[in-house]
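Quick one: this structure, given as structure tokens, is what I'll be asking you about.
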Amino acid sequence: MTNNGITVLFFSFAADRMNAREKIYELPEPLSIQEFFQQYLSTGLREPLESWLFSVNEEWVDPQYNLRPGDALAVVPPVSGG
Amino acid sequence: MTNNGITVLFFSFAADRMNAREKIYELPEPLSIQEFFQQYLSTGLREPLESWLFSVNEEWVDPQYNLRPGDALAVVPPVSGG
Amino acid sequence: MVDYYLITEDSIDITEALTMIDDPATGAQAIFLGTVRDEYEGRKSLGLYYDAYPTMAQTHLKKIGEAMKQEFAISHVVIIHRIGELPVGAASVLVAVSAAHREAAFAAAKAGIDRVKSEVPIWKKEHWADGSSEWHDHPDHSGNVE
Amino acid sequence: MVDYYLITEDSIDITEALTMIDDPATGAQAIFLGTVRDEYEGRKSLGLYYDAYPTMAQTHLKKIGEAMKQEFAISHVVIIHRIGELPVGAASVLVAVSAAHREAAFAAAKAGIDRVKSEVPIWKKEHWADGSSEWHDHPDHSGNVE
């Protein structure tokens, strides 16, 4: 991972759509989750931003959060446990 | 047991007061539970008729029930299980 | 996949009870387990003696279980009440219910234990830490020892 | 006499959970056990695959348990969620609560399982009897297989 790399985690049908449970992205410039989502994820995930929850380093965050190098971003679908 | 004998079962503090869990009474004449209680049990049990529930042969009955030879009468205090 | 009702002097086996209510069509099991506490109304206790009218009590457990199945969308019921001398921590009563969904399972288990405690001919005597004993249903209630 | 929260691929041991919530001061244990059903919305199923974000899910179970202890008069909590491939009948989730009295135990256990099902990052995929599979959270919902 370079200085600007972030790790992104996918679960459930999102992992199916991305063909991965974990991907590393190199960001040429600082981005919020919302900006990162539109540029890198929306095509693959096929559901709009409002469909997801996000956590960074295991804390819930909102889409305005500014991603930092080394962050682990989780893209979380609606839960269905139990 | 003679022809007119009934078996009476006592539980909890009633058994303590009667010094018995089971007694056999010979009835010289047919009696309702209420009449039997007043003549044979009230002194020993020390609580009024209204304090007890009664069952005969494992079915709940009211104090107007007329006792028959061979009946098993249970004198039931307020329950406190669980 | 059976209903089961028992008054017993033996210890209660929760694993066995779960096997009895097990059913591939049910996704929710609600279980209530009552145990003997080390105090009652602020007074230290060593345990309880449970007296019962065993045959009638067992019949009554069955009546309660059958009423639960009428009133709630549940599949199977097990109710077991232990009697005799029980030390602190011992399980005295188990109500276990299986259902397709959790709302019915919880509601039925709650109704079941409420009825067991208020309707079944079982009586308990507290063995206080000071060495005296007292029936919970004794008319002189608190403080009396007979 | 501990609180315990676990995401695991191993089978759930209810007896061990009861030992953990055991406490001489508690008289009421309420336990909810969720198991895999053989059908969902009328369609035959062979089992479920549970995906999770394990570290975050386990942290969330602890948050739920601590909130339960704040809100209800309970003593101890155990919440265990199993993940991975589970056949019909297997236990997927356990919520066990001990309390002095049964009202608090039931209310806390009910609130606990409701929150586990709605808040914890866990997702299930149904393995239909026809051989297809489907995520429960999939946006195309019923009928879709991806």
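By written order: A, B, C and D. Residues from 1 in each chain.
By definition in this document, a contact is a pair of C-beta atoms (placed from the backbone, for glycine too) under 8 Å apart; a residue touches a chain by one contact, two chains touch by 3 or more.
Computed from a prediction, not measured in an experiment: that's the story for all the values here.
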item: Any chain in contact with chain A as well as chain D; value: none
item: Where chain A and chain B are represented by their mean Cα positions, the distance between them in whole Å; value: 76
item: Centre-to-centre distance between chain D and chain B (centres being mean Cα positions), rounded to whole Å; value: 50
item: Whole-Å gap between the CA centroids of chain C and chain D; value: 25
item: Residues of chain B engaged with two or more neighbouring chains; value: none
item: Multi-chain contact residues (two or more partners), chain D; value: 34, 113
item: Pairwise chain contacts under the document criterion; value: A-D, B-C, C-D
item: Chain D residues within the chain A interface of the complex; value: 34, 50-53, 55-57, 59, 81, 92-93, 113, 116-125, 135-139, 146
item: Chain C - residues contacting chain D, complex; value: 14-15, 18, 22, 24-39, 88-89, 100, 102, 105-106, 109-110, 113
item: Contacting residues of chain A [partner chain D, same complex]; value: 9, 11-13, 15-17, 47, 51, 55, 58, 74, 76-82
